[in-house]
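These are the structures in question, set out in turn.
One chain, subunit A, appears in both complexes that follow, with subunit B as partner in the first and subunit C in the second.
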Partner chain A sequence: MIGAMRDWADRFLGRGSAAVTVPPLDGALKPNTRLDEAPKGIDADEPDDMVVVHGNTYCSAGNRLLQVDENGGATAVFDAPGTITALAASPEGKIAVASEPGGIHLVNGDGSAIAVAGEHDWQCITAMAFVDDATLLICVGSTRHGIGEWQRDLLSSGKSGEIWTLDTGTGKAARIAGGLAYPNGVVIEADGNIVISESWAKHLVRLTPAGKLVGQVMEDLPGYPARISRNARGGYWLSLFAPRSQLIEFVLREPQYRKAMMAEVAPEFWIAPALRSGLSFHEPMQGGALKQMGILKPWAPTRSYGLVIELTPDFEPVRSLHSRAGGKRHGITATVENGNWLWLASKGGNEIVAIELMRQGA
Partner chain B sequence: MASASNLTKLRYRFIPDHVIGEILSKKWIDNAIPFLVLVCVVLIFGSLIPNFYSGSNLSITARQFGEFGLVGIAMMVVIVVGGIDLSVGSNFALGNFMMLALLNLGDWPVELAAPAVILICGSVGLLNGFLIGYLRLRAFLTTLVTLIIVRAVVDMLLLRYAQAMSVSFYESPLWDLMGLGGFFGIPFSFVVLVIVSVVGHILLTRSRPGWRMMAIGGSRRSAHNIGLSVRGTICAAYTISGMLCGLAGVLYASRLSGAGTDTGMGLEIAALTAAVLGGNSLGGGRGSIVKALIGALVVLLMTNGVLRLGLNSGSGPMVLGLTLIFAVFVDVKWLKNRDKLLSKVYVSPTYIELPKPVSTAQADNTALSVNDRLNDVEIIGLGEVESPEDVILDDDDHLYCGTRHGDIVRFLAPDYKQSEVFAHIGGAPLGMSWDKDRNLLVCVGGMGLYKIAQDRTVTKVTDETNRSTFSVVDDSRLRLADDLDIAPDGRVFFSEATVRYEMHDWPVDALESRGNGRIICYDPKTDKTHTAVRNLIFPNGICTSQDGQSILFAESWACRISRYYFDGPKAGQVEPVLDRLPGYPDNINRASDGTYWAAIMGMRSPALDVALQMPGFRKRMARRIAPDQWLYPNLNVGCVIRFNDKGEILESLWDQHSQNHPMITSMREHKGYLYLGGITNNRIGRIRLPDRDTSWSGYQNYWGQNS
Partner chain C sequence: MTPILELKNVSKEFHGVAALRGVDFTLMPGEVHSLLGENGAGKSTLTKIMAGVHEASGGEVLFDGQPRQFGSPAEALSNGIAMVFQETSLVPSLTVAQNIYLGNEKFLNRLRGIYIAAQQFLQSLSFGVDPTMYVSQLGAAQKQMVEIARAVHHKARVIIFDEPTATLTPEEKHHFFALIERLKKDGVSIIFISHALEEALAISDRITILRDGEHVVTDDASNFDRDKIIAAMVGRSLSEELYSREKSRTVRPYGRKVLSVQNLSMGKMVRNTSFSVYGGQITGIFGLIGSGRTETAKIISGVIKRDFFHGGEVRLEGKSVRYRVPRPAVKDGVVYVTEDRKIEGFFETKSIAENIYMNLLSADLNKHAVISHSEMMDLAKQWTSKLNVKAIDANARVIELSGGNQQKVVIARSLVQMPKLIIFDEPTRGVDVGAIAELHHVINELADAGLAVVVISSYLPEILNLADRILVSRQGRIVEEFSVEEATEEKIMYAAVH
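On to the complex of A and B.
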């Protein structure tokens, strides 16, 4: 009762839980332009997820699974029946490809693939990881909206995400966690615990192998987290596909406006995080983005941003690479490290970027 | 949401919630808390004590108030200047004694004795003022010493003359009038107080000596630095305080005709309490007659009330002390938070439903379709001028523009590579026009309407207009004179974009989208300015139409262009010309073929259009997130359109990727070229217009032989 009254007072005055605050980009997250300074990458149509198998880098773009190398070459390895939405690499060297429609396929190095007949038919698979050679962990972002309607899921306060385990041999599937706010990335820690990124909650949580919630690993991120991948030093690379901004946080607390906006405005012009922005003058603009003397300030409020963070094994940020307001490489959905090269899938910039780690001292 | 209930529409149409913010922004709102305390005291004591406000009681209270109010004002005058006067009580007792002595022992007439007593007490004040103002002694100690010395003098005099005075008796009709009578039932001392208050208020708030006193109290060091005579003013303040105490003593003597040793004891504490209770700041610089009177009235009512209630002898001061603490606490909190409250409450967005915009899609291939016609602009003055909101050319083809530094910069023909500062006005020069004598008339944001003659002398044309009767905001001043144009008979019509905000707060006016603006007319023949059209939504561009009987004006946030007739059969009417614009129109100027150019400074975005129908959403947004995070009209992409008198759009030119011209605020056609200006830009653009009259110029079109 007291809690309810306090909540009501908070909402009326705009303080406490209703306060619109966004964590600043500071310390290891201090903005830079390393993503924009990176050399020209490989043009692709909405590259989404990436894996490294036996020293080769693979990236999914649209329907195709591409093998990419640092000289700019990209060869198609597999054509899925639908848009590829997630990839995972098994310890043996197979790649699990989830496509919508089409389900899950296991692709070998030579390009041959077998469909995995699962008991269940999943929609909106956002990330996958192999626990061991036969068991696949599947993240379903939302059971109410499709993979292309993620903005609608955010604006409807979606909390219908699930985690499933699938035995690729027998096809048996089991749901181990549910009610999650859009799980968008998964990584298995050394001790078997599962760390997933919950995008709409802007944090990373740890689950036991059985799916029980242990606790938050990283909280109050300055952006919406996407895929997590391991790096060679025992730590992780975390991609954030969109930034947080005060206006979007405020709109998330205004149900009446959200309803009207979703009913009357086209989705690409919503006040919502986006993978790319600035293309049309019908997009919503915030005050700080007004060009003064011909310059768009790099710190201007923006609906899209490029941000990749390197984390220690304890999930502490060490360094980050940014593409700031007005930049081209926004909407980074996946990052993998292969030897000396860091590969990023810039879904907003339609580009697969490769950055040399050692030479640039990045 | 298009069915936003009629209730919402009616509520935002008829309930003027912007008035709350405007009232809070007034200077006299500081008196609100003390006034509330006064009302509470009046009500409480009125209910506790029967007949507290009966006729005879009121008369006595009014008489007492007349005297105590004067002492309160005396204390306020000294406090406002940054000092304190603890000797008011003793001075008051001296005045009382001297009046009675002069009348009874000296046989002076009242008309001579009263001024003499005032002078005597004034000289005590002068002594205080000399010691504190000129010799720079500490006010507290000095007036404390004066208190003791004057009290001692009064005691000695009483010892000597009290008996002689008590046996004599002075009588005169004037004396009776002063002590017992009044005018039309209002006691004499109360009338004196009212006169002194009115005169004092006018002097303190509307005269130079009064302003200087407030300035010295506010910051003595700064006042000294700008050359005010600090010492003299402080001395004068103490002298005035003394004189007012003398006047109070005279009135007291007329009422009671008795001098005792305890006359005026503790009066300085009561006066100090009254001053602080009323809201005068003890540090100086903040105070007014009204505050002093409110405080004095509260103290008087409480003292009298407690006395009538028959409480123990200590309760009076106790109650007074508690009230003082409470009032000071609330007042301090109010003073600290008033500006914060005002900034949250002032912004009052309203409901506005914009019609569906005309399509700009390239696929539709209409005159308004997006194109790349401004990709090949020539750039003039890149980096040399900042914020050239409007551009204009004279008959020698020299190009003039305003800059945000307050200069009018002239680029020399024919290549516009050399520039010079033509004149410096200050403020932010916005719209410009040539009048018949080739003077350049400029609307200067933050200042008003100015004129630059051919010899570069700057004169002010007008910076005020008639005040609306029912407007809380003082709209006789011009805050944001935006664009102007001149009628054939020389009358100047110019727009004032908003009366509620200053120039740099224009985005807040966009958030409000209220009818805050107006069109004003200046008539050079009579040198008078009056408001022609009111309640317009950010009126911006003004252009005299080719028929010379009306002006076209743009309402930016309403996305429309309308026509106001100032002559002819339809004089005084407003009719729409162009509606459903997909963007926000800015300046309008004539084109060479009888049509008009309009600058569209930004484009409408659907998310903002939905928000315009939800004022509560915008209000919460204004309060909860920082201004640079607000949802803005998209002013990064704009275009220039050409339209005719019937309201048909004939062509448009876009810089759709905003490479050179993000926010186009003005365009001017001149001899076959179109010149572009932008208020957030640091360059002027020029583009060749094919198939247009290469000999056409604005001045010739307005004032040449063939017009």
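On to the complex of A and C.
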């Protein structure tokens, strides 16, 4: 009763959980244009996830697994039966490829198939990681919506994500955690603990190997987190595929409005985060006068953004790479470091981008 | 030319302690003469003897070549010597116009006439102050303007300005310096006391430097530079130590995010501002007066409240907080070191020990259930030695200390509360260069110890040399962030103004 009264008061006064605020991009997250300044990358149809195996970089795009190199070359090494939704690399060099439909396939670096890992009807596999060579950790973003319906899952306050372990040898699977707000990235720490990114909760959480929640490692992120990968300095790269904005935060607090919007408006015009935006004048925007002399202001509120954050081993931000409003390399869904190069999948920009780390001061 | 004012071998003692020892000083007609020295050097005492506030213990004061000893400031003023005090001497319950005309009233005063005349007079000085406002409603900078206007209005032949620019914005300073030029052309002699050495170098004809109550040097301003002045003031070169960007200093990396201010609003002063503060580094906030820096800091620390409706959010270590009074903020480890130490920083008639112990009590960090005199004295001893507070002993009243030592006491009061986040608002305002170096050292040590430190300053060299990252505030919000490498005075000022 007291809680309900407090919620009502918060809603009336616009404070507490109803404050509708967005954390600032400052400090290590200070905006720059490093993503857009990078040389032209490799054109690809909605590149999504990336892995590094034996010094080679692989990226998924549609139903194809591409091997890419920094000279702009991309070779398709594997065709999955459906859209590839997640990749993982094992310590021995196997690549797990999850597709929708099609399940999980194990392939070698040259694309030769090894096996189909178990018969399970998971949908919306968003991220995977190998615990050891035989055990795969699987993030299911939502049990209610497919991978292409992630905006609907967010607007429906989706909290149906799950974490599974899969024995790739026997095909035996076990659910270790559930009720998650769209787990969309996973990394395994040296002590065996699991860190996952929960996109709709805008935070990273640590779980024990058995799936028990230990605590938050990063909270109140300025965007929706996606995949996490390790870097060469013991830290991590975290991709954020869309920004938060006060308009979207406000809409997320209005269930009736969201319900009507989803029923009556085409999905591309929903007030929701997006992988790319500015393609139609029908799109919703926050505030006015976003353009001056035909140029979109870089600080204009935007539904899409490109943001990658480098983290220390303690998950403290060190630096970030941005593609701001008006930029092209939005919707970064995965980042991997391979030698001197940082590879990024810009799903919104339909481009695989390579950035030389030495030039970024690494 | 006969000096308008001359002091020969002047001495002054307070309870047997010498504040001035055989000081000589001459002021020529139409001259701007800067009087410089560390806090406690004797500048204020010397000028107060000129203005009739104190009587000299020894020596001679000549005014227009005649020996004079003014018995009161009113007598000095009637003879043409006006003093603009550091602490304003205005009557808060009277309006600006009434304060300007105070002492110059006619037998019958028409209030409307006074307001019109005051309006015209203030406009002629380019001071944007409403003459109908009560002085109690004015900010520190506006009070200083009224104080200056009052001195000019009395048509004094000698005007003594004691730290007149400390609270003024660059624009207001510009008007003030133009006014000084105008007064000089009219033959008015000016004594200018300031800790801003660049200002003294820019506007003075001659400079006199005092140290420990003794005259060190008097020479033409053109024969001085910043280093020479500092060396004469403190007996050693501090310029490199204080404001040299050439020295190699390591910028501290971002630590954990301690504070996240999100879309914070408070009336017209703070407008939808957002920024973060990280542990283990110094976040500098620069902005002009009225840019909402102090108000933002006061909202964070619970001194004032944000907007009741949609006032935004303050998150301390990830937890949303809303302080209505400072006490819970202090308990959560947020402390604010005020810019106005004399009003808000300490109890001036209490001792150093009592002042420090009071803050320990307010944070509920005292060891004993009852007030312990020994704990109080131990604490005072520990902090006065740690911060090098120069006082006879811990029982000395804070009002008796110099500005730098008062500021150290204010900092000690805050540090005993074991903060996680400490916000310094103009930490070196009205503090001499020797104490500035010590205060900077203390602030750096706090950041090195892992505390999240915020330094709000209007002095660009201070921000540039102290901060690990620089935020610029304008019209109630943070508008720009600079790293130490990319920050220059021009860039910061441009962001603060445009």
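For this structure, a couple of remarks:
One rule holds in what follows: the second predicted complex is superposed on the first by the 350 of 362 C-alpha atoms of A that agree within 3 Å, B and C clash if a C-alpha of one lies under 4 Å from a C-alpha of the other, contacts with A are read in each partner's own complex, and residues count from 1 in each chain.
In the analysis below, contacts are C-beta pairs under 8 Å (C-beta built on N, C-alpha and C of every residue); 3 or more make two chains touch, one makes a residue touch a chain.
Just so we're clear, the structure is a prediction, and the values are computed from it rather than from any experiment.
Legend: residue contacts after superposition of the two complexes on their common chain; A:256 is shown touching subunit B, with no touch to subunit C.
Contact with subunit C, but none with subunit B, is seen for A:26 once the two complexes are overlaid on the shared chain. Contacts of A:318 after superposition: subunit C is touched, whereas subunit B is not reached. Of the two partner chains placed by the overlay, only subunit C lies in contact with A:219; subunit B stays clear of it. With both structures placed on the common chain, the touch criterion links A:264 to subunit B but leaves subunit C unconnected. By the document's definition of touching, neither partner reaches A:71: not subunit B, not subunit C.
Taking subunit A as the reference, the larger set of touched residues comes from B, when subunit B and subunit C are compared.
Looking at the shared chain after the overlay, A:14 reaches both subunit B and subunit C.
In the superposition on chain A, subunit A positions 14, 19-20, 246 are in contact with subunit B in one complex as well as with subunit C in the other. Within the complex, the subunit A residues that touch subunit C are 13-16, 19-24, 26-28, 30, 216, 219-220, 246, 316-318. Subunit B contributes residues 1-2, 386, 507, 603-608, 610-611, 613-614, 617, 620-621, 623-637, 656, 658, 660, 662-663, 680-683 to its touches with subunit A in the complex. The touching residues of subunit C, when paired with subunit A in their complex, are 253-257, 260-263, 274-276, 278, 308-313, 315, 318, 320, 322, 469, 471, 478, 481, 483.
Partner subunit B is touched in their complex by these residues of subunit A: 14, 19-20, 245-247, 250, 254, 256-257, 260-261, 263-266, 269-271, 281-294, 296, 301.
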